[in-house]
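Report on one structure; see the data block that follows.
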Amino acid sequence: MSALGPHAGFILASYAAVVLVLGGLIAAVLRDHAAQKRALAALEQRGAGRRSDRAAS
Amino acid sequence: MSEPHRFAPLRLRASGLACRRGGRLIFEDLSFALAGGEALALTGRNGAGKSSLIAMLCGRLRPAAGEVALDGADDAPLAELSHLVGHRDGLKTALTAQDNLGFAQDCLGDPGLTPLAALERVGLPHVAALPVGYLSAGQRRRVALARLLVARRPFWLLDEPMSALDLAAQAMLSGLMQEHCRMGGAILAATHGPLGLAEARELRIGA
Amino acid sequence: MASLIELANPTRFMRLSAVLLPWMLGAMALALAVGFYLAWFVAPADYQQGETIRIMFVHVPAAWLALMFYSMMALSGIGTLVWRHPLADVAQKAAAPIGACFALICLLTGAFWGKPMWGTYWVWDARLTSMLVLLLIYLGIIALWRTLDDPSRAGRAVAILTLIGFVNIPIIKFSVDWWNTLHQPASVFRMGGPTIHPSMLWPLLILALGFTLLGLSLHLIAMRAEIMRRRVRTLTILEAERLDRLAAQGAPA
Amino acid sequence: MSRAFIAILRRDLALAARAGGGGELALVFFLTIIVLVPFALGPDLNLLSRIGPAILWIGALLSMLIGLDRLFQSDEEDGSLDLIRASALPLELAVLAKGLAHWLVTGLPLALAAPLLGLLVALPGAAMAPVAGTLLVGTPALSFIGAAGAALTASLRRGGLILPVLVAPLTIPVLIFGVSASNSALGGTIPFLTPFLILCALSLLAIVVGTVAAAAALRQAE
């Protein structure tokens, strides 16, 4: 790793940018997924599933 | 229900009011009085100036003539003692019903019921966490009416409060208004139909 | 009834994607691990650019993916407008942020590559500039998605915008090229050229595959989240109406 | 009373964070302007770096105008402005809260992003901090001058069209001292602090005058 030559900083910075941007994207996508899943589960637990809705009306 | 709380005796006197909009005289020489515990049903054909009168009372519109005086309030303008629920419901569609009411409470001061309790009174406890944009017209109107309960103000200025409400909700609103009058509050409501208040006087404008 | 048909298709998609995802993630991990190993420890340094050539291994796949996701969005746009496929605008909405992120990565790594090579983080080179314009179009599409609240209305609007952008991109590319040669004749840095050595080509291809799998997996997850978001939305509205009806039935009694 | 102030500030920030808030749109527009300029001027980095501060300032100024028309108009349309008017909070303070929220979601991100976008116009490293600094102290002036214009056009249906025409001429002093302060950091005979302090003074003045003017305009809406 020490053999990155005179421009090691730039190489590491560009990989850091990749990690940062992709990491942010992955975190955002996963968080959104989890949040929607939770919201859906909460709704269905309250009995808002499509079937129960039809039964109620 | 809530702790017994009576409003200080207040009396609103309007004398010789005239309204001119766009160069056209809408009404003139309008005088009336409204004291705590009273309800006034404002009637008249479309365009008679019902909404203009309400805008005048809450300080949005300057009367072309005449004046509005308030007895019993030390210097506080009428706008800061009154609730306004009009055609524009003052709700942000992106925020939840509860957040909207919380904002109204912070804005208007003198907190009454909590937003959740107020929603319960208007029969909408289940929409507290929903963005207002998801609600139907009647539900939105009821959330706007719940604003009357989150802050205690003696004057209620209501513009067509019964519109978009179904029968059950109209009865609910009549109940709220009766209770408000019993507590010494005053109501001025522009309306086409009955308000459900036995003791309401009628003020007809525009002849 | 219409809503039932609409739901059937995404339901099948949810099942299918749940099966597919672990395999894609596994393949992605493998490709990225092998690719990075080759890129960092096996591939030689470039005789001209030295070790900075290592930046290419992330820069070039990011550029490809930024273009690929836009093409996918354009296809989805056609799907929305022509076949009105219920999944098309979901796919399109989920793709936009991912494509924008790859365009951003391409630009950032390009800047960090450009500083040691050209002595500046940014030049208004035709290739870089086109990528920047692509990022702007991505951002516009994301902004339109965020502004339009109702997904069914937003889908059509965004599909039209995407297709306008798709038709425009070659024109933009052409005009940027023309503008660029007008101003700096033939002084543009030549990147690698087509004669890339196999010891660099392999890691590049494997890494490109890995990043593609990563992007597609994220796309699937984002699509799943979007489908669930819409279901949550409709169910929430239904729920509010149902409780209201119940309350109304209870009140007069 | 401060409760109402904080409530308005918090609500506006929450609305901006929701879908369609103006903040990130201004940022994208800023980027777009910076990208457009070299297509007109040519990609000569020497030229761009010389006029870089000016490009950034023009870009920031125009971006501040994006979405400004909604500052009071959206509240006027849905009636929340009546709510704010009915508050015991003086209207001036309510305007201050809304202007502050506008600056936090628009001006502040623009100032923070400016050094990064400066790379596109080859802004010299020495000029980055001054440009960001001048934008940081100059954008509040734009927010509050804009707030006065937005209040004037709040009840007009086509206010969004008139607003930039009303506001842009009023921002000229801010532009002059913002750009000259940034340029003086690149060398020249004027010390940086002279135009910078005038810029600060302009901002403070704009906050006061803009707030009072906007409140007056909102008060006599009809």
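By letter and in written order, the chains are A, B, C and D; residue numbering begins at 1 in each of them.
FYI, a residue touches a chain if its C-beta (ideal position, glycine included) is under 8 Å from a C-beta of that chain, and two chains touch if they have at least 3 such contacts.
Keep in mind that this is a model prediction, so the values were computed, not measured.
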Chains adjacent to chain A and to chain B under the stated definition are C
With centres defined as the mean of Cα atoms, the chain at greatest distance from chain D is chain B
The chain whose mean C-alpha position lies nearest the overall protein Cα centroid is chain D
Highest contact count belongs to chain pair A-C
Chain centres from averaged Cα atoms put chain A and chain C apart, in whole Å, by 15
Per the C-alpha centroid definition, the whole-Å distance linking chain A and chain D comes out as 33
Whole-Å distance, C-alpha centre of chain B to that of chain D, is 37
Within chain C, the set of residues that touch 2 or more other chains is 149, 236, 239
The chain pairs that touch are A-C, B-C, B-D, C-D
Note: in the complex, chain C contacts chain D through residues 111, 120-125, 129, 132-133, 136, 139-140, 143, 146-147, 149, 176, 179-180, 182-184
Per the touch rule above, chain B residues touching chain C in the complex are 123-124, 126-127, 130, 133-136, 139, 166-168, 171-172
Touching chain C in the complex, chain A uses residues 3-8, 10-11, 13-15, 17-18, 21-22, 24-26, 28-30, 32-33, 35-37, 39-40, 43-44, 46, 48-50, 53, 56-57
The answer for chain B against chain D in the complex is residues 55, 58-62, 79-80, 82-84, 86-95, 99, 102-104, 106-109, 147
Contacts from chain D onto chain B in the complex sit at residues 1, 3-4, 6-8, 11, 14-15, 18-20, 77-80, 82-89, 220-222
